[in-house]
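Labels for the chains are A, B, C and D, by order of writing; each one numbers its residues from 1.
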Amino acid sequence: MSQETTVNATVNATVDAPVKVAVLGAHGRMGAEAVRAVDGARDLQLVSTIGHGDSLRQLLVSGAEVAIDLTVPASTEENVRFCVENGIHCVVGTTGWDEQRLSRLSELLREHPEVGVLIAPNFSIGAVLAMRFSALAARFFESTEIVELHHPDKVDAPSGTAARTAAMVGEARRAAGLQDSPDATQTDPDGARGAKVDGVSVHSVRLRGLVAHQETLLGNVGEMLTIRHDSFDRVSFMSGVLLGVRTVSSRPGLTHGLEHFMDLDA
Amino acid sequence: MSQETTVNATVNATVDAPVKVAVLGAHGRMGAEAVRAVDGARDLQLVSTIGHGDSLRQLLVSGAEVAIDLTVPASTEENVRFCVENGIHCVVGTTGWDEQRLSRLSELLREHPEVGVLIAPNFSIGAVLAMRFSALAARFFESTEIVELHHPDKVDAPSGTAARTAAMVGEARRAAGLQDSPDATQTDPDGARGAKVDGVSVHSVRLRGLVAHQETLLGNVGEMLTIRHDSFDRVSFMSGVLLGVRTVSSRPGLTHGLEHFMDLDA
Amino acid sequence: MSQETTVNATVNATVDAPVKVAVLGAHGRMGAEAVRAVDGARDLQLVSTIGHGDSLRQLLVSGAEVAIDLTVPASTEENVRFCVENGIHCVVGTTGWDEQRLSRLSELLREHPEVGVLIAPNFSIGAVLAMRFSALAARFFESTEIVELHHPDKVDAPSGTAARTAAMVGEARRAAGLQDSPDATQTDPDGARGAKVDGVSVHSVRLRGLVAHQETLLGNVGEMLTIRHDSFDRVSFMSGVLLGVRTVSSRPGLTHGLEHFMDLDA
Amino acid sequence: MSQETTVNATVNATVDAPVKVAVLGAHGRMGAEAVRAVDGARDLQLVSTIGHGDSLRQLLVSGAEVAIDLTVPASTEENVRFCVENGIHCVVGTTGWDEQRLSRLSELLREHPEVGVLIAPNFSIGAVLAMRFSALAARFFESTEIVELHHPDKVDAPSGTAARTAAMVGEARRAAGLQDSPDATQTDPDGARGAKVDGVSVHSVRLRGLVAHQETLLGNVGEMLTIRHDSFDRVSFMSGVLLGVRTVSSRPGLTHGLEHFMDLDA
C-alpha cells in the first residue's frame, strides 16, 4: 500500500500560496505521521517541527499560520494558548481537554476573535461519518445493533466509539418515539446477545490481525442497511487532520469535534 | 422471518384517531403488500381497496384521507387528479410520471393548496439513505467505487440505483474539486475493472439466491467506509410507503422523492 | 428472485431415465417446497405425493425409487421402515431421530443391504460447507470467533448451528494444541464480548429483516479469513434435499449428515 | 495492532529442542519480517542471517537445520542447491522457479533423499485456504463470482490470485458437469459485468486504503456462501513461512505449494 501517497482527498484545486503549517509533538508517532502528511500535501508548507524541549518561539520565526498540536495532555493547553495569543490557528489531537480547559480557552478566544481552534477527540473522517450516518438512519429502522471488531490486545469492551455510536442511535430512536429493537430471546445462557448500551445491543469481537472496525446494522422488514468503518492504520487520522488544517482559518472561535467542519447538513 | 410483522418502525406513539387509507391497485403484487401493511399498522385504518374496473367513487364513500396509488402508468394520472380534486392526499408508487404529467399535477395542486402528493421512484428507505449517505461522504474520500449485486434474471447492468448513486457520487466529487479515483491499472484484458459511470467505477454481480444489494466503498489512506443496502424482499418498500402515508398530509403540494420526507438535513 | 428456478446446481448432464421420487408430508411447508423442487428438476420425476392419512401403499403403486420424508417425528420412523422393507431409498429431513431410532434403523438396513437412507439435521449445503470449512481452517489461525445473525423472533441464542460450529472449531483447535484465542479484555461491564462456547466466542445479532446468517472470522497477524453463510429463504434447503435424492441410491446403508454425500475430502 | 506478537498459531506444544533456522536475504523487506518472526517463535532458534555478499559457509558454522530463502531470482537456485547438498531443509519464497529449475532441483533431491524443500508462490495461509475452499464448494452452487479488491497502485487486473481462483472454480464446475453461472444480462454498455476468466465472472476494485482482499460468492436458490480473505499487511505471509519451517523436515523431497503442508483432506 502506498501510504506515502498525498492525503489530499478533500483538496480543492487552488492557485493560492500554500498554508504555512507547524507540527508540535513532531517526534511522537502521530506527530511524525503529521509531518509526513503535511510534507506530502501541495497546498500546505511545513515550516516548523517542534519536539519536547524546543521553544515555542520557533513558531513565530517560522511564520506558521496553523499549528497542529499532537503533544501530551500536560503541555497542550499551554501550547494552544501561546498560539492563540500570537494569532496562529490550531488543530488539536491531544487528549485531556476537560470542561475547565475548554472554558478557559473559549474565554481567551473571545479576546482573539479572528483565531480558530479545532479540538477533536477523533480525527478519523470515516469514523465520524459512520457515527453520524448511524444516528441519522436510526429512526427509520425497527432494529439497530452494533458490532465492533478490534485487535485482541484491547483491554476494554465495548470500544469508546461503539459506546458513543450506541448512545447517538439510542437518543435518535427515543426522540422518534421508537421502543427498543424487537427481541424474542428467551434462552441465552452464556450471554451471546452481547451488551445493551443505551438500549442498543453492542457486540465486541477481538481478533488477531484486525485493527479497528465497526458495523452499524439497521433492519426493517425485508431490508438491511449496513454502515461499516474499517480503520486499517493510524495514518488514517491524517485525512481528518489535514481537513482541519485546511478549514480552521475560516472558522474562528472554538470548534469541538471534526464533524462541525464537515458541513454534513448541506 | 415474520414478514407479517407490523411495519411500524417509524410510528410515533399517538393517541389520535387512525388515518383512513385507501389502496388503489389493491390486487397487484405491490398493492396486496400495501393492503397487508396498512392493515397491520395500528395508527392506520384501511377503508377502501380499489382494483381494476372499480369506481373511484368508493373513495368518497369510504372517507379516505390518504390514497396509495400502486396501479399502472395508464391510469395513475387520472387517479391522482380525482383524489386531489376531492381533497385526498396521495402516495404514488406507480411509474410513468414524466415532466409533462408532473407539471400538470403541480398546476392542479395550486388550486388545492391543502392537498399533498408524494411521487417516489423508490420507496425503499434503506436504498434512499444509502444513496444519500454515499453522496454526502463522497467528497471526503480519495477513492469511491460501487458494487451492486442482483439475482441473475436481471437484464440490465448496472442497476438503475447503482447508476443514480454513481451520478450522485460523481457530482459530489466534482463539486469538491476531486479528480477521478486513483487507478494505476495498465493491464486489464477482460474488463475486470468494470464500468465507469460519471467517472465512478461500478461493478455488477449476478448471483442465484440474491435479490437486490448494493455497496458503496469509500477509501482514504488507512481507512474504508462501506455503505451497504440489502433488499431481501420487495415487502421492504412498505416501510417507505407507510412513511409517506403518515407524512403526506402535513406536506401540501407536490413532493418528488421519498428523501424529502425524511428530513435528513436536521 | 426467480425462486421457481430449477434447483439443479449439482446435476450431471445425463441421458438416463429420470429417478422416480415420492414426497411424504407433501402438504407441509417444507413438503410443498420439495414437491416444487422435484417437479422442476429434469432428471427427477415426481410420482407420488403423500399427505397425512394417505396410505403408504401408494408408494408401491407409483414405482417410487426414492422417498423424501418431510413429515413429523411421530410418523417418520414408520415411514422409513416401510420404505426400506420395500426397497425404496430414503432422504429424511424430519427431526426426532434419536440414538435408539437410528440403531433400530441400522439393524433393519443390514437385512436390506442394497437400500440407502440419508438422515440429515441440516439440508442447507451452504451451512454444511461453512461448518466444515470453519473446522478445517481453525487450526491455522491464532483467533477464531463466530457471529450469527437472525430474525428477532428467534427465542434461543446462540443458534444451534453456531453452537455446533463453535464445538467443531474448539475441537480442531484443541487437537492442534492451540490455546484459547488471545483476549486482553479487562473491562466489559455489560457483556459485549458475548458467549464462550467450547472456548470459542459467539455473538448473536437479532435484527428485523434478516433470516439466518453466520460468519466465522479467523485471524492471524496481518490477515483475516471469513466464511459467511446467508440463508435468505427456507427454500435453500431444497438444494441439499435434491443432492440427497440424486446420491442416496449409490450409498447403501445409513448415512447421518449431508456432508457425507459431499465428498469434501477429495 | 501488536504485530510483534509471536506468529505461532499452529505451534504444537513441545518440549523438544528448538529448530535452528537461518534466514537468507535477511536485509530485504520480507527477510527482515522473517527474522522477526523466527525470533519471536519459542520453538525456533535464529542461528544465522545472511545478506547480499555474505558467504553461505556461515550456514554450516551456524548449524542451521532449516533455511528460509527470501532472496532474489538470480541467486535462489544456487542458495537452495548449497543447502540441499549440505543437508539443510529449505523454505523458499523467492520467485523465479520455472519448470527447468524445478526439474534440476528434483534431480538433486533424489541424491539427498532425506532433505525437504518447500517452494511456494503464496505463503498466505488465508489465501491458500480461500482458494481451496472456493474450489471445493464450487460444484455445489448454481452461481459463482469473484470480487477482488486492492490498493490503487496495482497495475494489473484481475489479480493473479483471483485469476487462479477463477481457474480452479471453473475447472471444478466443468468436472461436475455444470454450465456457466446463469446470467440474463442483455444491456451492459460499459462493461459493469466485469471479466470472464475460465467462465467465471471476476470483478476488480481499486481503492485507496486497501491492501489485498478477495471474495468468492457462491449462490443457490435462497442462499449464498461467501469466502473472503483480507490481507492487511505483508507480515501475514509469515504464518505460512513458519508453518513451512515447522513442517519441511518431515516432508523430504520437493513440495510445490503451501497447501500440500496443510493436510486439508484430513
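Please note the rule applied: a contact is a pair of C-beta atoms (placed from the backbone, for glycine too) under 8 Å apart; a residue touches a chain by one contact, two chains touch by 3 or more.
If you want to know which protein each chain is, UniProt gives these names: A, B, C, D = 4-hydroxy-tetrahydrodipicolinate reductase.
For clarity, every value in this text was computed on a predicted model and none was experimentally measured.
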Once you count every C-beta pair in contact for both, which comes out on top, B-D or A-D?
B-D
With touch defined as above, tell me whether chain C and chain D contact each other through largely the same residue numbers, more than half shared, or through different ones.
same
Could you put a whole-Å number on the gap between the CA centroids of chain A and chain D?
37
Counting in whole Å, what is the centre-to-centre distance of chain C and chain D, each centre being its mean C-alpha position?
33
Interchain centroid distance [CA atoms averaged], chain B/chain D, Å
46
Where in chain D do residues touch two or more of the other chains?
5, 9, 141-142, 153, 182, 208-210, 218, 220-224, 230, 232, 236
Within the complex, chain B is touched by chain D residues 141-143, 145, 147, 149, 152-158, 162, 181-197, 201-210, 217-224
Using the touch rule from the top, collect the residues of chain B that touch chain C in their complex.
1-2, 5, 9, 151, 153, 208-211, 230, 232, 236
Residue numbers on chain B that touch chain A, as the complex places them
3, 5, 7-13, 124-127, 129-130, 133, 136-137, 139-142, 176-178, 182, 218, 220-239, 243, 262, 264-266
